[in-house]
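Next, two complexes with chain A in common: one pairs it with chain B, the other with chain C.
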Partner chain A sequence: MIKFLLKGILRDHHRSLFPVMIVSIGVALTVVLQSWVTGVFGDLTEFSAKFNTGHVRVMTKGYAENIDQIPNDYALTDLDNIINNLNKDFPDVTWEKRIKFGGLIDIPDENGETKIQGPAVGLAIDMLSKNSAELDRLKIRKSLKEGKLPTKPGEILLSNQFANKLNIQSGDIVTIISSTMYGSMAINNFIMSGTVEFGSAAMDNGAVIIDIADAQNMLDMDDATSELLGYFTHNYNQIKATKIVNKYNATLKSDDEFSPIMQSIADDRFLGSYIEYAESFSGIMIFIFLLIMSVVLWNSGLLGALRRYGEVGVRLAIGEAKGHIYLSMIVESIMIGIIGSIVGTIIGLCFASLLVKGIDIGAIMKNTTMMMPSVFRAQITVETFYIGFIPGIFSTVLGTILSGIGIYKRQTAELFKELEA
Partner chain B sequence: MKKFIIGILMISSFLFGQTPTAEEILQKIDDNMVFEKAITTAKMIIHGRSRSRTITSKSWAKGNDLAMVEYLSPAREKGTKMLKTKNKLWIYTPEPTDRIISISGHLLRQSVMGSDLSYEDMTDNSSMIDNYEAKVLGDEVILGRKCWILELIAKNKKIAYYSRKIWVDIERLLPIKEERFAKSGKLLKTTEITEAFFQDNRWFPRHMPFKDALSKGKGTEYILESIEFDADIPEYYFTKAGLKR
Partner chain C sequence: MNKKALISTQQLIKHYPVGGGKFTALKDINLNVISGEFTGLVGPSGSGKTTLLNILGALDVPSEGNAVVLDHSIGNLSHKQAANLRNMYFGFIFQTYNLLPVYTVYENVEFPLLLQKLSHTERDKAVKQALEWVGLTDKIKSRPAQLSGGECQRVAIARAMVKVPKIVFADEPTANLDAENSHNILQTMLKLNNDIGTTFLFATHDEKVITYLRRKISLNDGEIVDDKVI
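Our next item is the complex of A and B:
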């Protein structure tokens, strides 16, 4: 029967062309949308992970509870021991020390007195170790606007906009005023080796990037850090992150506010709900397309049924059972669905691969204070290859099931009268 | 003559057990607490979230406008100095930083060295009677001592705390317990005087626990180790050049 139906579909274009076209368009749209949304959500998640949260992160309970205040008095201590245990338990995760701090940048005049000050947000990363991946991870090399990257302790980077506001050049002395992890005043001189521009107001307004060892020294955080960020070899994976987090937190016995705790991006107040939304987005999208295409194909099925009114009548007249006709039409619709889904997926993938290069929205993002990438890209995943088949096949079948009910309403006694007419 | 009459009236009211007026009580507190010139050495024990730290300092003060504080220990803070002249504050950090940094505006209300004292608290030598309108709310026994309870409302916006509730030791005329509030009514700070000493005809606090109500720390103990009233202090101590001496 399948071979017979396939021949019918291929030879009778009037029977298949319109439904295949509709299915193809719908599937192509589904594929493009899925790859775009996955890409955008993925870009946002990875961007936040790189700058802010890691794929997973370890911090103290007290720090996690007051994270908005950057409470370095709740810093992780006994760091070497914690890192050794993490490396042993999770060898495929790369762990990076990060210190965040708030403070003031003070520029001295020729007498060493305050000339100008500005509030700063400090980010300490490993910039000087030979094998550090942090410069590439945060794209600091690409973001360098003026001067050079720090090559020795005591050198820092400032955001270009901030440096311009303070009217300082590469090589100038800047003083950072902050608080140590014990609350004392921390005042240290640094040399600004260069400026960076990330294209995001959140980073470009007042960021100071400093080497982790310099920050530990300045903030009295020897063998301590604000957070330990863990990065997977590939992009963020919620299932893997949950497994790691559960395994690590299960080993913790102390309920002390200084005891370490691990969190994934999903535990982040902002990104958590965002990831939840991203995960349910594919389902919502499929449902909407399924609904719309079913209605469209139901209509096309009705049109087809009207056009094939005579054909069904003849088939009934020569004694074919109503159930068999109905079944053959459903099988036919599955075939049309598969053909349309294949064509649609190919078309969709072609468009998606064009979007993989990305769309630069840097100019729009210039003044936003959100931590967002300036280029959004589509991402082709395994899901992209099959997602279109779900609405593609189901909607054609649903459309045929609904329109084909009419077969059972035909009366055999009236068939010849209808055919004569 | 006028002062003499007020003095006689105040003495008689204290002697005969009547509650003096709020202004009279504030005047007596000022007589104890406000000084023209003084050199002090003090110790701050800061009970942080994770550990306690002790910072020792020496201060030179002249009225409420001029003050200089030099930190003597621990090693990390040693040599750091703070200079206050009227509404300006500078911090000097010794070599290798060797910087004089201006602290102004809201930073004056920030914590000193992670303690529960702000820069304003640390250098405050202002007169209560000049800064606050007061009324007596009643009396109560606090920290084992009989006290009058006073409510103070700031006379102008420049005062660090809009209102205060103070428990004044009837005998020593020191505010042995204080609650300091913002204009919204939010409690900002509490202080106590758990130990006092008598020197140069005045009672002065020896041991004062401070607690910043907005901080999660465990409080700061301010311990006055010595004070020399009306000491001879060279003028250059209160100059920026004096910071680098």
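Our next item is the complex of A and C:
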């Protein structure tokens, strides 16, 4: 009987090809949308994580409470010990020292007198260690606009826009005037090795980047850092981050403001609410789309079943039980749903993999002050492989079930009359 | 010798709700049909012949009274029991053939046997036999769209006869056929009635069919107005 029904489905394009096409298109659209939304929101999170917050980060309680002021007087100390413990407890997380500082950039003339000054936001990362991943993580090599990367202590990178404003070039001396972690004045000379451009106004307006060891020397932060940023092997994962944070914070007993505390991106005052919003928004978007696709596919299932009233009449007259007909129609719709979902998922994945390369919106975002990437791309996750099956199978079967109820409740003779009509 | 009635009705009434009231399609039908009859329910459109055929074929139920077919009270059957009765003992032939268009002649005829869960060998033998009865063994692989109207109706007869039913219900079987095809079809059915002993019950107002009947039950406005053996 199944073979008989299968023959019918394959030969009748109205029962096979067209429903499969509709299901496939719906499923493909669902897959592409899911991967795009996941990718875009994921990119935004990753971008902020790379530049600013890490996937998780360790800092002192005092630093966390006043984070907007970059309070290096609350810097994390006894770093070697903390890093050793972190590496032991969380071996799959990479820990990076980061120092943020504010200051004044002073450009001297040939006599050593101030030629021009400007406020700067400083970022110190590990640029000179052999195995440092920071240059790649922040895409500094790619962002180099002029000159070269620092190769030795005492060299500095300036944002290209800032360097142009100060009218300086590679090889010029740059003086940073800031304050040490103990509150005294810190003045250090650097040689500008090059300029960088990230395509984000937030980074390009007045950023300076120096090596972490130089920052520690300049700011009296020996064996200290503003924050220790932790990066997962793959993208940010809220569940994993929460587990790590809870585990680490549970071991801390002191309420001292200099004691370390760990936070995830979700704990960040701004990014946390963004992630919450992004997750809800992407969830709502996908839900609405699934709902629309479900209605379309349900309708398709409904029409498919309604146009077979004639066939149902014949089968009833021949002696097939209503329940058997109903069941066979549902089995058919499951088969159509599965085939359509597989085809649609494959098509959707092909398009999604093209979008993985990304769409460059750098030109549009040139003047934005938001920390956001200039390239948006789709992201293929485990969810991408199965999300299309929800509208693909569920809606098609639901449509058949609902239309089948109509057949089921109709008097046999009425179906028969419709068959004869 | 008195033969037992295959079909028997007592004070059978059928009415349908129409607007706020009801329309009576059949009034006090009392009828007996015995095995081997070649009988027609004859009357103009709206006389109730198709309604009666549907009730006797377990496709509908009486509103009042009783209809007993092959010892089964039609009004008391569940959907499943009615389907089983149709599957095992009844054959249907329709005015518009109602063949399943995506299946071949062979598969259309085979379908009722699939429902009876017969083995492939049993099905194959029965299908070929039925197609031989209607003279269509050379069209086994054809689809309905490739056949003439007469050939389609012969496939429908083969489908009705393949399970060697006790009763074949034929609703206006020649209405879409020309005179020559009508006679061929009727002769085929008459031959099957004679050779196999299957009872045929027609609903018709076609004179060509009436000339072949051995018993004519005339209906008008839902009542039997005449019942005579020809």
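Keep this in mind: the second predicted complex is superposed on the first by the 384 of 421 C-alpha atoms of A that agree within 3 Å, B and C clash if a C-alpha of one lies under 4 Å from a C-alpha of the other, contacts with A are read in each partner's own complex, and residues count from 1 in each chain.
Convention: a contact is a pair of C-beta atoms (placed from the backbone, for glycine too) under 8 Å apart; a residue touches a chain by one contact, two chains touch by 3 or more.
Given the structure is predicted, the values throughout are model-derived calculations rather than measurements.
Asks: Between chain B and chain C, whom does A:A321 touch in the aligned arrangement: first, second, both, or neither?
Replies: After superposing on A, A:A321 lies in contact with chain C but is clear of chain B.
Asks: Going by the contact rule set out at the top, does A:N84 touch chain B (first), chain C (second), both, or neither?
Replies: In the superposition, A:N84 contacts neither chain B nor chain C.
Asks: Can A:I177 be said to touch chain B (first), chain C (second), both, or neither?
Replies: A:I177 contacts chain B only, not chain C.
Asks: For A:Y74, using the defined touch cut-off, is the partner it touches chain B, chain C, both, or neither? Pick first, second, both or neither.
Replies: The first partner, chain B, only.
Asks: Considering only the touch criterion stated at the top, classify A:S273 as touching first (chain B), second (chain C), both, or neither.
Replies: neither
Asks: Which partner chains sit in contact with A:Q117 here, chain B, chain C, both or neither? Use first/second/both/neither.
Replies: first
Asks: Taking the touch rule as given, give the residues of chain C at its contact with chain A in the complex, in rising order.
Replies: Residues 54, 57, 59-60, 79-80, 82-88, 90, 92, 94-96, 98, 100-103, 107, 110-112, 114-115, 159, 171.
Asks: For a test of understanding, state which residues of chain A touch chain B in their complex under the given definition.
Replies: Touch list, chain A to chain B: 62, 73-74, 77, 104, 106, 108, 111-114, 117, 175, 177, 179-185, 187-189, 220, 257-258.
Asks: For chain A, which residues are in contact with chain C within the complex?
Replies: It is residues 1, 4, 7-8, 11-12, 310-311, 313-324, 411-413, 416, 419-420 of chain A that touch chain C.
Asks: Could you pull out which chain B residues touch chain A in their complex?
Replies: The contact residues of chain B facing chain A are 46, 48-51, 53, 76-77, 80, 91, 93, 96-102, 107, 111-115, 217, 240.
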